[in-house]
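Next, two complexes with chain A in common: one pairs it with chain B, the other with chain C.
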Partner chain A sequence: MLGGVFHAAVLFLVAAGLQLVFGVQKILNLACGSFYALGAYAGVSAVSFTLAAGAPPAVFPAVLVGAGLALALVGPVVERLLRTIYDRDESFQLLLTFALVLMFEDVIRFVWGSAPHQLGNVYLVYGQLRVGGLVIPVYNLVVIAAAGVIAALMGGMLTRTRFGRIVRATAENRRMAEALGVDVSRVYVRVFTLGVALGTVGGALVIPATAAVNEMGIDLIVEAFAVVVIGGLGSMRGAVAGALIVGIMRAVAVATYPEVEMLAIYVVVIAVLVLRPAGLFAKAAA
Partner chain B sequence: MSIRLAVAAALCALALFPLAGRDYYATLMLPFFGYGIALLGLNLLFGTTGLLSFGHALFLALGAYTAAFLTSKLGVLDLEVILAAAAVTGALVAVPTGLLCVRYVRIYFGMLTLAFGMLFYSFLLKFYAVTGGDEGMRVLRPRLLGLAWAPLGKVEFLTGPFYYYSLALLVVGAVVMWRIVRSPFGLGLRAIRENAGKAEFTGVDVRRYRFCAFVVAAVFGAVGGALLAVPTGLADPLLAYWTHSGNLVFMLLLGGFGNFFGPVLGAFVFIVLQDQVMSVTQYWRFVFGAILAVVVIFFPQGLMGLLDPRQRAGT
Partner chain C sequence: MITNRRTFIKVLAGAAAGTGARLDVAPALAQAAPVRIGVLAAKAGVTAPVGESGLRGTQFAVDRINAAGGIAGRKVEMVVEEESNPKDTVERFRKLALQTKADVITGGISTAVGLALGPVSEELKALWLAWDATTQKGVEETIPKPRYAFRSVDNEAEAVMASILTARQLKGKVKTVAGINNDYSYGRDNWAAFLAIMKKFGMNVTPVVELWPKLGETNFTSHVAALQQAKPDLVFSSFWSGDAPILMKQAHAAGLTQGTKFVLTTAGGVHESMKKAFTPEGAIMGYNSMYFEAPNASPLLREFSKWHQERFKEWPNYESDHAYFTVVAYKAAVEKASKAAGSKWPTTEQAVEALEGIEVDSLSGRRSYRSDHIMECSYFQGVTTHKNRHDFVTIDPVEVMSTKQIQKPSGTGLYDWINSWNV
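Right after this comes the complex of A and B.
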């Protein structure tokens, strides 16, 4: 169950990136999974590096988040590429992000090779909590807390700050925002970079718990997709709810009837698409 | 006119190809026939009707697994029966999924088809007893036209009778699709792509037309998938994975979805290019991603758009 929430926390971060970009730029970014994988690999490298430098384990989350944020620098570059097709049919936008998926997969293979990368015992450095009969790795709690903080920060930023207001206005009506003096292309760059950062940080945070493998990106995309569809495209609250539903459902399925693990999720996705195509949480804020 | 000449020339070249004695290249062409048929169907959805499916690999996998099931579990070896069964299975699965999918357009259609594709993928992967899980299922060598071709070795069989069988099937598929596209039904589909509202006004039952296109595309996909599985001798779950669907759309775009022959050309170029690039570098995905990006950004009409100046001016 808690494993499910841990998974949900990571899924939320990636899905939130997907939501943000879709909400504002109306692009369904398949490459969000690639950013997640990129973050994961960078996380492995960063932690191994600090480990070799003899840093105490307490700094790992900070190092991981830092690695994730540093990688967000690819955001503006990718955005520049996407900018060429903003006015095109969304099929083409989808395909361009698919091209990015292919390219990033090989970039990762080129830099880190195709063997899985794993951080040895970092995961358990934080120890375990015993609550009743349950054993909970403390690291899971750290990640869940981190995702919670990020969610709160995002929510605060979108509703309270000037930038958040501009982002929401752009999502609502791009032309109107532009007419009111918003530099939309700058907003796009920032939003996209933020979306990338959410993905890379999510990937980096997951890495002490699992190994980084080549396929992790393309596998996660479909899950993040499921989250977004269940929660409702473009809705942040939907991303939270969707991530929790998918994460917990997976955990429950694995524990009770492993054959239906992913099957159950897709069934829910299809049910939601058919019954409530706008998602369980119809568009509230960007 | 020049298109007709080009098609005739291409057909002759394909027919003479195995005689050149380069078995490697002849076997390389085998997946092309399967993909060609599947893409003809997919283009009816995307090029003609304007619906982008990101789960079409579902039907290819369905065809491949039908072939595997019939040959290795039921002992049915006649390829004619297998292809017919694949077509029927494809249609049977397409009816419920199509009824749900065609209620949506644009991005929602793509997402729903993606979800169905992945649903089938996880079914194939997890229900080991029925599908063989990640090992897939073997597809035994079929009989063609009631003959076993027993004296021929594997390569001889594939580059000989099976090659021409596939080629003939692709031609038949293309002729059938040509008739469909030129029929009033095909015109209705094109009207829907251009403007669904106006089409509805002129008496086209939009949802039923879309549904029919979906089913036809599924049948072509399943037949193509069954044909694909014979040379590889294996049906595995990755056939249904979403990246495979992505590759199908890639081929479509590469060839040019606005042209009838675009998808077939796309399948051809994709396969040859993949073979060439893979022999040069293991990072072929990167090269392909870059090619796709260039095509999407600069040549949305694909190779056919480059070859056919009329189209370039027209769109």
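Right after this comes the complex of A and C.
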């Protein structure tokens, strides 16, 4: 179960980026998985550098989050490119963002090479927690907690801050927001960069537990879309619920009947599409 | 200047005649032109490190051959194309054969790609020496009697060797086993071979869980939890890429490496990633056809390991050996056939005949092609140890088995062969 929650935590961060960008900008961003992969590679580089400098393990999560946030600077550049398709058909969005997926794959290959990158024993330095007969890696709990904190901050930001109100207003009615004096172009840049940051931070945070592989984002795109379909497109609460459902469904399937690991997720997706086509939290605001 | 239609046609005719004249002298020129080796190497995804390793082995072979005067006096030139999905790789194979006019094409790691390339190689009558990608389906169904395709060792050979070592070392010590293998023919065939051999050796083991993550999975926390729940005495895995260290890291963090035996048939392919921090001592681990620190390593392997370490800051793995072998086997075959044909450059058919049964020195020792176009070599496996100068595990003692012992003979089914053993 906890393995499922760990996966859900990572999935939430990627899906939340997808949700936010779609909720406000109406862009179906396939490149969300690429930002996750970029964050993972940046995380490896940052922690390797910090290790070489002799920093203690306690700073690694901060270094990883920092690396993820730093990499979010690609957000404004990519957003500038996306401006050309805001008012065009959705197929252009899919084509352009898919092209970005392929381009980022080559960028990764060019910068980091084709071999997987990993962080030796960083995952293990935080130790293990024994609960009953169960051994839980403490780092998994760190990732789950970090995702929880990010979800809470996102929720707080959207509902309690001025910027959050502007974002919600823009998501609700872009023209009205513009008429009321909101600089929508600036909001779009900020929202997109925030969406990118969720992906890059997710990738960076997960890296001690796994390895950075060029295609690691591709599978996650598919799963993030499953999360979005289950939770409801554009809904942040939906992203949390969808990620938990997908993560836990996978874990339960692996533990009980491994053959249906992927099938189980799509059975839920189909059920949601048939019974509640707009998703579980469709009516919630972004 | 072309002034009218008649003049234009004359010019065209002249050009055609010129082309014809050039074509007439082509065979003579070809003797001096470089030999083109088309190479299909994976450059992205989980197979990328393996593709890169094959490319390095090829480069090492080509450099050595050129330094020694080439193949039958002709310099060697590599033309590298990417191995990706079967459809695109088939197109690149066609390009290498038809457009680049490669004399021989080497490469191929993925099972799916191998199954697709075999029939195309036959159709185009293009000589293809695979590095890997030889599953039972390729051997027994899709390309049972190839003429132009030369295949690798049966992919199950490493599972067969690891299973024999498991039976020898752990009989009576394990009662329950679990498998975690990739969800495709290689993973499934390896697990099936392991269970068949356990039965053959009378191990009386019960499989408690079988897990099938897809190739390329990077999160095994749920799988590790399932293994913890099933509490097997032994975990068998044929992971061969970046997934092997991820599994071990997550398994170790969850305490699974304490008390549970591991059999990692092919993790030696990513040996530098198998860090001591999370890979326990006492696991059975395989290096396929080449072990960089083999106790009786030949001067050639020592030279290659040194070259590899100096150039790439890494110790080499087995795919370099498969790739090196394909190039030196081709060289030996061409020179043998050329000698038989009175110093003329051999036709593809003559090269094929010379390749059948050829035996050469490769990085790992003597290697050969059987008459059914399948490789013979030695496999290296052993028990993991932390007592070495590296930050990753190595094996000690090192067990060496010939594919004559661990690969089914020509024309026999894998399981019929296993069942025929006297143990």
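One rule holds for everything that comes next: the second predicted complex is superposed on the first by the 286 of 286 C-alpha atoms of A that agree within 3 Å, B and C clash if a C-alpha of one lies under 4 Å from a C-alpha of the other, contacts with A are read in each partner's own complex, and residues count from 1 in each chain.
In this section, a contact is a pair of C-beta atoms (placed from the backbone, for glycine too) under 8 Å apart; a residue touches a chain by one contact, two chains touch by 3 or more.
Since the model is a prediction, treat every value here as computed from it, not as a measurement.
Visitor: Just to be sure I read the superposition right, which of the two partners does A:V101 touch: chain B = first, chain C = second, or both, or neither?
Guide: first
Visitor: First (chain B), second (chain C), both or neither: which does A:A62 touch?
Guide: neither
Visitor: Does chain B (first) or chain C (second) touch A:R250, or do both, or does neither?
Guide: Only chain C; A:R250 stays clear of chain B.
Visitor: Where does A:A152 make contact in the superposed view: on chain B (first), on chain C (second), on both, or on neither?
Guide: Touch status of A:A152: no partner.
Visitor: Tell me which partner A:P137 touches in the superposition: chain B (first), chain C (second), both or neither.
Guide: In the superposed model, A:P137 contacts chain C only, not chain B.
Visitor: If we overlay the two complexes on their shared chain A, which of chain B and chain C does A:L180 touch? Say first, second, both or neither.
Guide: The answer is neither, since A:L180 touches no partner chain.
Visitor: Where does A:V269 make contact in the superposed view: on chain B (first), on chain C (second), on both, or on neither?
Guide: First partner only, chain B.
Visitor: Determine, under the contact definition given at the top, whether A:V111 touches first (chain B), second (chain C), both, or neither.
Guide: neither
Visitor: Contact-wise, after the overlay, does A:V222 reach chain B, chain C, both or neither (first, second, both, neither)?
Guide: The first partner, chain B, only.
Visitor: What residues on chain A does chain C touch that chain B touches too?
Guide: Shared contact residues on chain A: 105, 109, 258-259, 261-262.
Visitor: For chain C, which residues count as touching chain A in their complex?
Guide: 43-46, 48-49, 51-52, 209-214, 216-219, 221-226, 228-229, 241-242, 245-246, 249-250, 252-256, 270, 273, 275, 277-278, 391
Visitor: Okay, in this complex, where on chain A does chain B touch?
Guide: Residues of chain A touching chain B: 28, 81, 84-85, 88, 90-92, 94-96, 98-107, 109-110, 218, 221-222, 225-226, 229, 233, 258-263, 266-267, 269-270, 273-274, 277.
Visitor: Which of the residues in chain A come into contact with chain C in the complex?
Guide: 1-4, 6-7, 10, 105, 109, 114-116, 118, 120-121, 123-124, 128, 134-137, 139-140, 206, 209-211, 213-216, 219, 250-251, 254-255, 258-259, 261-262
Visitor: Would you tell me which residues of chain B are touching chain A in their complex?
Guide: 46, 52, 54, 100, 103-104, 106-108, 110-112, 114-116, 118-119, 122-123, 125-127, 242-243, 246, 249-250, 253, 282-286, 288-290, 292-293, 296-297, 300
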